[in-house]
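There are two complexes below, and they share subunit A, which is joined by subunit B in the first and by subunit C in the second.
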Partner chain A sequence: MLRLPGFRVASPTTIAEAVAALAEPGARPIAGGTDLLPNLKHRLGAPTVLVQLSRLPLRDVEVRAGALCIGAGAVLADLAEHPLVRAHAPSLARAAGLVAGPTLRNLGTLGGNLHLDTRCRYVNQTPLWREALGGCLKSHGDRCHVVPGGQTCVAALSSDCAPALVALDATLTLHGPAGARTVALADYYCADGTAHTGRAAGELATEIRVPLAPGPRRETYVKWTVRKSIDFPLISIAMRFDLADDAVAAPIVAARVVVGALASTPKLVRKLDALRGQRLDDPATADAIAAQVGAQCKPLPNLPYDADYRRAVLPVHVRRGIAALVAAGENHG
Partner chain B sequence: MTTPPDQGELTVRFLLNGEPVAVAVPPHWTLLEVLRYRLDLIGTKQGCDKGDCGACTVQLDGKAVPSCLVLGSAVDGRAVTTVEGLRGPTLHPLFDAFDHAVAAQCGFCTPGIVMAAEAYLRRLGRPVTRAEAAAALAGNLCRCTGYTKILDAVVAASERLHGAGGG
Partner chain C sequence: MGDGGVIGRAHRKVDAVDRMRGVARYADDLKLPGMLHGRIKRSPHAHARIVSIDAAPALALPGVHAVITGADLPTPYGVIPWTPDENALAVTKVCHVGDGVAAVAAIDEDAAIAACDAIRVDYEVLRAIYDPVEALAATDVTINPYARAGNLSKHVDLAFGDVDAALAASPLVVAEEYFFEGSTHAAIEPHCALATVDGGGVLTVWSSTQVSHYLHRELAKVLGWPAHRIRVIQPPLGGAFGGKSEPFDLEFCAALLAIRTGRPVKFLYTREEVFLAHRGRHPMAMRYATGFDRDGHITAVDARTIIDGGAYSSFGLVTTYYSGQLLGAPYRLPAFRFDSTRAYTNKPACGPKRGHGSVQPRFALESQLDQAAVELGLDPIELRRRNFLGADTRTVNEFAIGSCGFLECLDRVEAASGWKARRPALPHGRGLGVAGSTYISGTNYCIYPTELPQAAVQITLDRSGRARVFTGANDIGQGSSTMVAVIAAEELGLDLADIRVIAADSDLCPVDLGAYSSRVTLMVGNACLAAARALRAKVVEVVAARWGIAPGQVSLVERQAIDQTDPARRVPLTEAFHWAEAKHGLLTAAGSYDTPRDRHGAYRGGTIGASPAYSFTAHVAEVEVDVATGEAQVIAVWAAHDCGKALSPRIVEGQIEGSVYMGLAEALMEAHTVDGAHGGVVAAPSLLDYRLPTALDTPAIHALIVEHPDAQGPYGAKEAGEGPLHPIIPAIAAAIYDAVGVRLRRTPFGPPQLLAALQARAAREAAGALAPHKGRALAEVR
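What follows is the complex of A and B.
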């Protein structure tokens, strides 16, 4: 039995009311609660008031002004099946459908998924367990058990949707005391596992926008875990290829590969410019991408599985993801 | 919008197994705690208490959710169905099929599995395949049966509910 600490709740019905409620020191937003409540049961955080977002009008999914616009309160189970999401952002539909298990996807929201706290084998534990180790930078301690001597927490970004949305050049709109602002999701995360989002005090995310593809595109999200359900990602790769025409073997116009479940930010893989003009069904293309991912991305011993193994298989999953896109041929999306 | 410094208990009104109820709950209690410790509905089980096991699964507006991760105050104005809500003048086909297939050993996972299965079968509206049933129950752990008999029972119940012969 895990009891929650004491707090009050606010149930606003408009964004303005929610922003006002969030202005109170110690206030935290709660959407589905599937990340926040387990963490509070483990005494990670001590909010004074939880501002429930579930009554806000933030669930719409629509195409508007050249973008797929998704309310931050949209529920993952709905996104995974939504015809517009499947048509315009199939890798996001896939990522949303791979989060946790089916009952958690009925509660979890996209806004909550993008703000999912970073995870680490040394911190997602009971207080007794953590204290036995003297705590760490993320919980009442002064050291890191993952990087001995390290002064920055490298707990893992474990959101399945964040890498997919960064690969799709998504933006995030937030409302706060100073009004609304929109940021590129690629610039939203920072390399500090104790505070890894650019969310300012009192802000709440309201909308995610994915620009519609300018032309033919193939995209996918690859997740590997030990169990087939419930588990957070141990390998997490989002890939997007813009192509010269709708054949899967058409020349690549642009490629974007983003890897999650490393440290606290989604990692944009660099040096992929040489892929322009190459073809997805050419094995040399998959080899080149896998080599860059292997060279630039180093899984850390922050998650509950062997880091050396995860490093070794990361490029393998890149190749498999591309092979699946090629095998699907023209039946994508 | 300001929240009073001491909220005391909140009165939450919702439909519980089809009947309207009003219950006073501390703001930091989960729906699971409200069901078991305020309403004495102990069919819903408390397992891991953090979303891993599915023993606490109930239906919220007809969808299966883990009640250990829902705040009691969040169900105001909504409909909650627990395993007790499947009681009726005749035995529910899922209960009957679980009994016939011997799909419960210790029985701790059973109420949660039945609630997840019922929500899925109702939405599907046709006989379920074994693979579909397994995917729908992927958030529910059972430490006894090895799942074979649970899937047998869910497939059999779906055939009775939506099969050619009809329920």
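What follows is the complex of A and C.
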């Protein structure tokens, strides 16, 4: 059996206590543990103390000050079913409901999912395996096996919820020794698979805020994996369309498409301004978006699946996601 | 049959409640006082000479009791006695990433891991070869330390009839190349072994093995410890599927470390170690040419196969024979030649996985038949009917076939799937495919030469009205303990709950060769039947004498002995057993079974693959193909299997469903591959990355039992555990062709492979080289 390394556990009951506990060198927060513990069994990290977050009051979901506010400790299974999330952020509810399998969703939290470590076929392995490989940028080595000659780790962002929340212009609040700060999630991730979030040492993510839609909207999250359960995303696309009227035939006011499972950050697809005024139910709209996604998003051989295939079908899944929104008509969300 | 009325009813497995309640004690649940934990240090190199091993830093750590290396266990072994070519721990060199080089026993697992990390091994890295063709051609690298012919592990070349002439005269010859990817067993329970030595010098090894007897023999040989002072016990198993059918490093290491330390020592593989131990399905590259006359009759089959064996032989000698020898039915092959070559490569060794050696060639042959049916304009079921070999006959390679319900299997799947009406009507993207197969019910010859019987069972009746059945058979979840209980209950008129099965403990049970090659129901069943009938005769004789009637007039049924001439006259079996014990003394009987020796070929290798009886199977698979993504979804599978006689139909259905699931996984997802570009690691050694279908990915499976009793089997029973796996892979391939007009000749049929094939077809359609399939151009659908 794979064994965990030794560590201590702290169980704070307030955010202040948690921040204080996280100040210890080598401390790491643990929420559901569904990502951290398997990684520690693979000896990817050796924390001195795990700061357990389950006793913190971070599970509330409410609408406050024009935003859907979700505690970072809210459990994914609950979010997938929560009436407020389904009403105001249906693509997030969908993403949360597609993470892993039912047992893991009962443990995993939204904060944890946003901080899921990046994944790579050359990293998420045992020490023996990585020794046989000779190491890599993220694991006791100096070269990248995904991008030969690459100097930056391109391990994949594997969170299902991050692309959905970036597409919804969500913000993240963190508490640290210097107090609280709030950042746009779109600016939170960085292109370095070894340290891909803006969370400073000692900081704790506490709340996610999703601004309420200013008007009619259609949004979705598309995930594809080989199997219908368990897996991390191989294709991950979040799409949001603000409409002039509450109908799929109404003109598009704003469009935001975010693709995950590429490198270490969620990728915001550019050059979608021309869609303004177009109709969502016009097949040319879906084709135009799919073409931009195909041109701007290049899946890498970082995940354990055929990268060329993922590239080939990424636009197909974009078109299908839009088609499903159109087919749902007014019964969205 | 007996009078019991037990055979053929739906039974709950004798161990079902313990398993469902979670109280079954698997090997890793066993804990002994003072027990130490073992761990094996494994090689990070695919091919290297061991220069030196320094265990001193490990031994200096707290809690470390002992370290052993290959020098402590230098005797090579192998489950096939002709090919002992591996060591418990590497002696001079390592041959794949994960080969064991040292083993430790320590106070707990953490101390054992720290000790392994502290052992220093110096290697001289050697060139590693991952491709079997390259390995066979290499003259500068010999992979296996005991190899006798370079990197050639085994070559078999057998011909029956004039294949070249038959092919030359055939109006249609289908010639294609196929590749079957390697796959592993993925039993949920990882391998585990616990060993201890008692005060009398008896070494006891509990192991999650499916072949206790071969483990017993090899332990004696490698340890130099007399067999009569070794006891092997198999606890309940969490699946095996062929992956536990030979000795593994952990059993030898646990035993030697228990001897050295005087304390019990337990080893439990990590999931990664299960992938490294492997012994899974061999990758096979197959070139097949099959000739047909204008009516679709096969004229000849010519097969050439390269088998990627990995670093050791395992069962590879047999695999190489099976890759051709098991193709002789259910179709008549007027001429047949196969040339199979197994090569050593620097990978975890391949071995027997459910349907050992014949799943891969069956995919090739059935795919040839499907292609021929299309080219000849014949219904693929009709083409198979025309080539039916028949019952009570011999195959081209001289194996005697007894009962054969293959035609009924075809009829059943044809009717159940609505083949005739639905297949022509299915739209583009949707298809039905059919395939057939045969499999052995054990092999006529044991792995080692012997005159001794293949199976034996002992039964004792006790004064409380129960029967104790002692069998060496390994119940690996397939239900062998239930099978013997059903037979004993049937013959003795007892309830299933009255039968206590004591299995797979070498101190208590007669020898059985183990759970492999689907031998247990036929062989152990026959032995059990003989023992039960001998006991029944004793009881019936005493009762008949008391009642003054003929023994043939006494029935044993529902815990009673009944006078058939006067059914009102009856006595509880408990009392009848007392009468019999008063006369005969303790009521005990033994039954043995040995195989017939006249049902195989009279040529070198002609015994390998010959079985007392053969099962037959036909599948129809229904598939929906998404032409834009290349995803093939299996909607439903109809699986008809001739098991001779279903002693316990619910278990037979379970075996059929499990087989279909396992084959479907190989068809669509599985790939046990080694990444030669990255140090020779196993590419996906976890159940996250080595994808197996979840319940959501598994179609409706309709298990259809066909019963053509065979004279060789107990009550006519043949095997049901492996045969039903074979047809699903070619049936899915054929259904994909029916749906979208592309032939997939490499497994797995994953979305990347299918999408590439669809794109190639679309290009040919666009160029005018192909007419649209089912009238629908691919460019249009995409």
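Here is the rule we use: the second predicted complex is superposed on the first by the 333 of 333 C-alpha atoms of A that agree within 3 Å, B and C clash if a C-alpha of one lies under 4 Å from a C-alpha of the other, contacts with A are read in each partner's own complex, and residues count from 1 in each chain.
Operating definition for what follows: contacts are C-beta pairs under 8 Å (C-beta built on N, C-alpha and C of every residue); 3 or more make two chains touch, one makes a residue touch a chain.
Just so it is clear, the structure is predicted and the values come from calculations on it, not from any experiment.
Of the two partner chains, subunit C is the only one that A:W129 touches; subunit B does not reach it.
Looking at the superposed arrangement, the partner reaching more residues of subunit A, out of subunit B and subunit C, is B.
When the two structures are aligned on the shared chain, A:L76 is found in touch with neither subunit B nor subunit C. Of the two partner chains placed by the overlay, only subunit B lies in contact with A:G33; subunit C stays clear of it. By the touch criterion defined above, A:L50 lies against subunit B but remains apart from subunit C after alignment on the C-alpha atoms of chain A. In the superposed pair of complexes, A:L2 makes contact with subunit B and with subunit C alike. Of the two partner chains, neither subunit B nor subunit C is touched by A:L172. When the two structures are aligned on the shared chain, A:D308 is found in touch with subunit C, with no touch to subunit B. Looking at the shared chain after the overlay, A:K228 reaches both subunit B and subunit C. Subunit A uses residues 1-3, 6, 101, 228-230 to touch subunit B in one structure and subunit C in the other. Against subunit A, the residues of subunit C that register as touching in their complex are 42, 44-46, 97-98, 109-110, 113, 190, 268, 270-272, 628-630, 669, 678-686, 688-689, 691, 693-694, 696-697, 750-752, 755. Of all residues in subunit B, only 1-5, 7, 10, 26-30, 46, 49-52, 54, 57, 60, 63-66, 68-71, 73-74, 76, 116, 120, 135-140 touch subunit A in the complex they form. Those residues of subunit A lying in contact with subunit B across their complex are 1-12, 17-18, 20-21, 24, 30, 32-34, 37-38, 41-42, 49-50, 52, 54, 77, 100-104, 106-107, 228-230.
Looking at the complex, you find that subunit A touches subunit C at residues 1-3, 6, 101, 121-122, 124-126, 128-129, 131-134, 145, 224, 226-231, 304, 306, 308-309, 312-313, 316-317.
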